[in-house]
Each structure stands twice: as structure tokens, then as C-alpha cells.
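As written, the chains take the letters A, B and C, and residue 1 is the first residue of each chain.
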Amino acid sequence: MDEQARAILQRVIRKIPNKKLQTALRAWDHLSSEQLESLDYAQPKWLFLENLISRCEENRLSLKDVTKLEMAYYIDNPSKGTWHAYQLFQAEGDAVSVNFTQFREQLKAHLKDVVRHVSVRTKKLEDGAVWIRIAWGDNFSKPNHLKPTYVVHYLQTSYVFVLNLMSKHKPFLYQALLLSTRHVSIKEAQLSSRSLTAMRDLLMRQYQQVFPTNQERTLKERNAPPSHPSIEKEHAECAERRHQMACEAFGDGVLPKLETAVYKLETKYRGNSNNTLNDKDELFRGVVMFSSSNLLESFRHCVSAGMAEGPVTPLLSSITQKGRNSFVITDKVPGAASQTPAHKA
Amino acid sequence: MATVKWPHFFHFSAPHSVVNTPAHRPDTRRSKSYGRSCVEPPSLFWQTPGHLTTLGHRIPTSRRAAKSHNITTKVDPEQVALLIKNEWKLSHVTPLYRFRHTQLKLYSKHLAAFIIAEKQQGVAVEVGVEAGFKVTFSAVLGIAETKEDAETVFIQVHSKPLFSADTPKAVWRGWLTCVNGDPEYLRSLPPDFVSLPLFCSSGPEYLTALVKSWFERTFDCSFGSLYLNSTMLNWLAALWTGCHPTSNIRYLKLAWNMPSQPPLDIAYTVNPQDAWELWNSIHTEDSTDDRINIEEVQLFMNGLEIHFFRHFKIYLSAGTLTKVSTALGSAHHDGKIKIGSSDYITTLLTLLTECALMKTPV
Amino acid sequence: MLEKAGTAGQEKQKQDHLKELHAAILTLRAKRERLFAETAALKDLKDKLDQGLPLEEEETDDFMQLEQFLLKSRLMQLKDLQTVYHLIGGYNLIESKQGKSVCVSFRTAFEGMYLETYNLEMDLRRTVQISRHNIPPCVPLERLAKEHLQADFKAFLEILSLHLNALAGRKQQVLLIKELIGTVEIIERNQLCNFLVFMCKIQEETEAAVLCTLEYGDLTQCLPTRVTIESENKTLAESPQWKKNQVLLMESPVHSALLTMRKVGSIV
């Protein structure tokens, strides 16, 4: 094993908690069961690592084998680091018929066309996710396996999730993805999170959305008399309406675990009507950052508990509707007093 | 009982009574944690527990606008640098009995001995590799603003490493201060009491606990956590924003916590120039004595909250304002502060001294 | 005595019953007369309306009534139509947000079995725009909307409904293969279920197998547009039996084709 292989092995082993080591190495499937049993998993990491390296050397394992272990670690722990979402646009006619084998071959070929030294490893999981590990080099240096980029793509969808991509490599990855998925353009989706699962569930709509499908209720609501004889009933109905509104905006049940949303406000000051700042055309600039262990559930609760006024502002419902958590808010018409701010990509 | 301001100051209605110096007091008094609670006839105290008043009744409704002044001309810059470095946890302290600024060397020795003894007894849970502790008390002259303010006292605890070649490392810092304390209150203190109501500490919790415990035993005082309510945070937001033309505040960051399930944190960072313009549109400067009214402060904060509401439809009033920060400093409602610039230290400490005094039972 | 009293009682009961029946006949007759009259009046009124003749004062009241009846019957017709659409796997429209948006729900089905329901909420202010939906990301919704949404709303809904039904059908077929024919191993499939590769064992004892690749070029259909048969044993793939199987796979849902193939002994 060379220096890089040792370094990667060391880094991966350090990240895996002691009690999960055995399972991880077993899943890796590069050591015999005797070798696995001969290791003492309770040892301090540095000592364990030495023993592990000697087993790996017995088996003449190479850098390639070690990168497989690293990839398996990231697949099991997709919440290490910040993922960024990208969206593919303008699918070509044959985009829907791209299969995994074609995709893999094309991606590798296109990357190798532009970067001489690049190492690409792919794996398709049960749920259809294609995981890609790219170690970048250039014309003069070998691929750097210590800083690989991870890419996750679900074939036939327009979403790509990327971890650890340097801006100098961006054009290469863009081009290779466009050619191998048969699309014309790609853009950043203004969604980033530590949780790959949350981003995927949000963009692919894998959570329980609420639609106004109960016709009886909509009719009744609209024809409801203006006042109710029982105030209590009115309160209950009010609370139910708020809850319905909250669920329609953010979803029902367990929601994707998005942790933050950021809004850059570049709008005119909207204070009290008698405030002098209202007369000015200048912008009132600021940044609002929302954070929670589950942002969408927090917003839903705020709305249904009456801490936020209904109907839910498009600024907040855009998180689910547009699948974004980073916004720049500007006034629609500069100079005109517009109450509904527009979203700018 | 013929003196002014009853019931606020009813304790001092008989300043010339038999026991006006604490030195003559019977021993029972020393077990109490109230600084000066038994000068008045006890019957009054017992009958009206609800009247155990605090200075909280005297929250000022206006203050002088923050003025920059280079404090390093009066105070040793090295000492000022120490105050600026850390995040401080705030406590309030009742007046210290028989504290003498002339005895700081002796206190250094006593506190060091106390810490070592407590550690050996195993009372303190933390067991480090330290061979011993060195404590230094020093007076920070010049922070005090009025003649009633006692001089600030700075304490550092250094651990002596096992190998004498290494230099001692500061493991804990703390200071007691009083800036622009209510003069009437300070003058009314009986002799032998020194009021340094604001205690700031930075370092391991167990050392803070030991230092507090030593003070409580030695100076018959009592510590309590000092939380900063939203009114105080509002004041700071307005005072700091007002400084922007003379000293760039870089940003005005306000943080709220909404009691949703799960809790929601909201951080609103306002462009400093825009924040100042909003403040300037509310606050009218009068040339002679630039004072700020509480109404202006509230209008300013309301103005920010309304602008936020117009965008997000979230009622910030349903949550708690938890933190205010600018480049000049930050303050958290759980009682943690950071001092970003020495130029406005007096304004901040005046406000915090007032907070601490409000908490002190009179 | 008792017996006589009994028969007398029975007699009386019969009499009463008869009277009741007579009364019923009379009321029903009266009702019939009234309905005759009403129908005639309405018919008359309708004729007058159709011919554009002026109405008399009392006739206006009848007209209001008529209008209500007509509306009611129209509503019932529409509701029935809606149910029919629903039942044949079409879509259902619901107005929401005080008419500012509309929510379409597509109920999918395959071989008489209801599958997932998908929803699409559209903003009706200014131009029609999709505001949110829970349609699977592999469905080329963006393209369909671009092609049809502004031009022909109904056509858009119809084609989307076809896409969703076909997807649900293809998905269901894959599930049924797994469920019904355990010996068939699925090698590759994708989210859109428009590409399916599976391996069939020919005989229990040997390793001999056939690799079938199904491509669904028309995304609105449940049947493939291309079927490829491959095997290490070239003669097997070219055999008339497998030519037949290829046609079978082209023309019937994959799980039923495989069941037939098993019945005739092509696969195990």
C-alpha cells in the first residue's frame, strides 16, 4: 500500500466509531473472516490501524480497494459535509432512455477527455441512486484521492447532488454530466444542506404533501355563515383551518430534515406607514437566516399555532414548492410600492 | 421613618441607629445572604415580604447616547486588552463586606490556597494535571466613572504545570466592576461595604464555582446568574446602532428564538448603514445632552420587527429576543457578553451595572 | 264465541286495509295528475322559451323553478361524469384558494387495481402555472407543461394522466414479476420503468438462461416497443419458440407473458 492508500485508510478508520468498525469492514469484503476475527476492535484507533494495515498488505490491497471502503463510508453516512443541489434542464429526446451502463461509460469517457488524470468510481444502489467518486488530477499530477468529489444522481431525474467540488473542476463535471445524461444546461438549484436525504426527499417530493382534495370541505368553507353560534366551535374550526393551511404549505407527517434557509433581502423598507424611510427609494438591506433541527416542521408549527399569519407567505412556501433554501428577495418593480416581493435566482 | 423614598430605601431610614457599622453586628447576621437587610426594624421586614424591593422599580426611561472615548488614556491598555478578548458569563453580586482594595495581594494567596484545598478534598470534580495554582488580583484603575464607583478588580488563575520549565498558563479570568452605579444607592451603603455588583467570568465552570464560593465565605456576599431581558438587549441594539457614524458597527445582528416544535432560530443581520438610517429617522438628536428615550428604542426595534413581518408574516413578538451583536460587542439573554471595542466599554458596563443592581435585593 | 270474535276482528282488519289502499290510490292519482299538469306546464314554458315568446307573470315563477331543476340535473350529470373519469383512471378537478388555484388529482390503475394518486396544484392567476405537485421526478413534467399547458389545458391533463397511468402500470408489472415468477431475476430497471432487463432460467438443472431486454419507447404505454432476446446458446434465441415468446412479450404485460411462457415450458 502506498502513502495515499494508508492516508485514506487512516482517515476513514478514524471517522468510523469503534463499535461500527467490524460491520463496516465486513461489508467492505476485502479481508477474510479469519483476518476480521483476528483484529481487536476495542484497541485504540492508532494501534488498530497498524494491525489493519498489515492485514491489508498481506492481501496486497491497493489504493483502489481502499477508495471502495471510503465510498461505502460516505454512502452509509451521507450527512458528512455540505451537499449542493444542481438541476439539469432541457432534456433531449433520448434522455429518458439513458441506462446506468451507458451513463457510467459516458461519464468516465467525457471526464477523461478533458482531465488527463482522473479517477472515477461508480456504484448504483438499490433505490436507484448512482454514486460517483471522482479524484481529480491534472495534466501533470496524479489524481488526488485525499480530496475526492462525490456526486449522487438518480437517473431520469433532473437532480444532481454534489459534495466537495472545487470551482476549477466545476466546468469539467458540468460538461460530463450534461453529455452523459443528455441534457442541454445545468444550474445550481440554490439548495444546500448537510443532509443529502433531506435534499433528495424535498426535491423528489418523497414526503407527505397535502392537497385540497376534500371537495366537501372546500364547498362548506366557502358557504359558511359569517358567524357561528358557538365561539368554541369557531375556534376549533379556525385552528383546523390554520393546521390545514400549514400542512398544505409544508407537508404532513415527518418532513425532510432541512436545517437552514437563508434570505438576502434587497427590498424597500416596509415599516409603519408614517415612517419617513418609506419615502426613500433606497433599499433596506439585510440577511435573514432561519435554523432549526427540522426547519419545515418548525414553520408548520409556527403557522398552525398562530405564531405566523396566514396565508403562508410565498417566501416560506417556496422552500417546498421550489425546492430551495437560499433566496435573494428584491422588489418586483423598483420604485413602485409592491407588497409581493419577487424571487430572483 | 421620616426619610425619602420609602419603601425603596426603607432600610436606611435610621442610618445612625445602633448598628450602622457591620463590624458590630451579631453573628447571626453573617449567615444571611442579603447584604444589608437588617438595619431596619425586623418587624417591618417580616410583615411585608412582598415589599422586599429592588432597584428594579427604577428602570431609567432615557439614557445618554453612547459616546466613543478612548479608554486607554485612563486605563492600562494591557488590562483593557484582557477585557476585550473573552466571552464573559455574567453574575450579579451583593455588596462585599470588608473588602479592601489594599489587600489584593493577601486575597491572591488566600484564594490560591482555597482552590488547592478544595481540589485536594475532592470537592471539585475536575482533576487536571496542574501541580498548583497561582492567583493574581489586580485593580483596573480608571474603569470607574464616578467617585461612588469602586475600582474594578481583575482576577486571574494560572495553573502551574508539572514541569517547571513551562510558563504558568492562565486558566480562568474574572472581574468585578461597578460603572456609573446608582449614586444614591451607593452612598447609602453602610461603611465597610463595597459594591461591585457585576461579576464577569471566563474559564472552567468548576473554577468559577470555587471563586464564587471563596468570595461568599470571605466577604459575606452572594452571587446570582444575571440574565439580560429583552429591554436591555433593545437598549444595546439602539445604543450600538447610534454609534455607527463614528465607529463602524459592521452589522447589526438580532437573534430570536421561536417556541415552535422543534424550536426555530431566526437571525436577522441588518446592513449597518440602513439600520443607522432607520435609527436616525426615529431618534432626534438634541445638541446639549444627547439622550435616548425608551420610546425611541422601542420604535426602532418595532420598525425592524415590522419590516421582518412584512416579508415573512412571522410574529417575532411570539418568540424571545436572544442576542444582539455588532462589531462593538454582543450580548446574549442568558447572560453572556463579548466586548468588541474598548471605545464604548463605559456605555456597556453602565448598562450591565444597572442590570446587576436591579437584581440586588435592597 | 272466541273464535267468532276472532274472525270478526280479522274481517275488520281486512276492511281497514282495503280503505287504506283506496286512499293511497286516490292520493297517487292526484299526484299523477299534478305531475302531468306540471310537466305540461313546463313543456309549454320550455317551448315558449325556445321560441322566444314572452312569458306571463305567473309563468316567471315557474321559470325560476325550471331553471333550478335544469341546473340540478346538469350538476348531477357533471358529477356522474366526474365519477366516470375517476373510475376510468382519469382526473379530478378541485377549486381551491377561493378560485385562485385548482388542484387536479390523477388516480392511477392497472388491470382493475387502483394504484397511487398524484396531485397537481396550479395557480390560475395570470397564466396557468404549476405551483406544486407530488408527481415522481422521472416523469417529464417540465417538457409536457412546456408543450401543452398554455396551448390546451385539457390536452395537458389528458397526456399527463396517460403518462402517470402507464408509469403505474409498468411499475406494477415489475412488482408482479417478483411476486408471481420467483425464478426470474431482474438485472436492471430504472425509476421510469422504461428499461427492464431480466434473466429467465430455461431448465432447472442447467445454468442455461435467456436475457430479455424490454424497452418502452412510448411513455404513455404499458407495453414495450422493443424486446431483445439474448442467450449464450445462439440457436436457442433464434428458435421459433423464442420468436413466439418475443412477440408475446411485445403484446402482453410482461408478468402475464412470463406466466404463459412458464406454462408452455419455455422457462422454469
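Throughout what follows, a contact is a pair of C-beta atoms (placed from the backbone, for glycine too) under 8 Å apart; a residue touches a chain by one contact, two chains touch by 3 or more.
Just so you know, these numbers come straight off a predicted model, no measurement behind them.
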| item | value |
| --- | --- |
| Centroid-based (C-alpha) most distant chain relative to chain B | C |
| Pair with more cross-chain C-beta pairs in contact, given A-B and A-C | A-B |
| Per-chain Cα centre nearest the global Cα centre, belonging to chain | A |
| CA centroid of chain B to CA centroid of chain C, Å | 73 |
| Approximate Å spacing (C-alpha centroids) for the pair chain A, chain B | 44 |
| Centre-to-centre distance between chain C and chain A (centres being mean Cα positions), rounded to whole Å | 37 |
| Residue ranges of chain A touching chain C (in the complex, touch as defined) | 89, 91, 96-97, 99-101, 128, 154-159, 203-205, 209, 211-213, 215, 218, 222, 311, 320-321 |
| Touching residues on chain B, where the partner in the complex is chain A | 258-271, 274, 277-278, 281, 302-303, 306-315, 318-319 |
| Touching residues (chain side chain A, partner chain B) in the complex | 263, 265, 267, 269-272, 275-277, 282-295, 297-299, 301-302, 305, 307-310, 312-313, 315-316, 329, 339, 341 |
| Residues of chain C that touch chain A when the two form their complex | 92, 94-98, 103, 105, 119, 121, 131-138, 140, 142-143, 188, 190-192, 194-195, 215, 217, 219 |
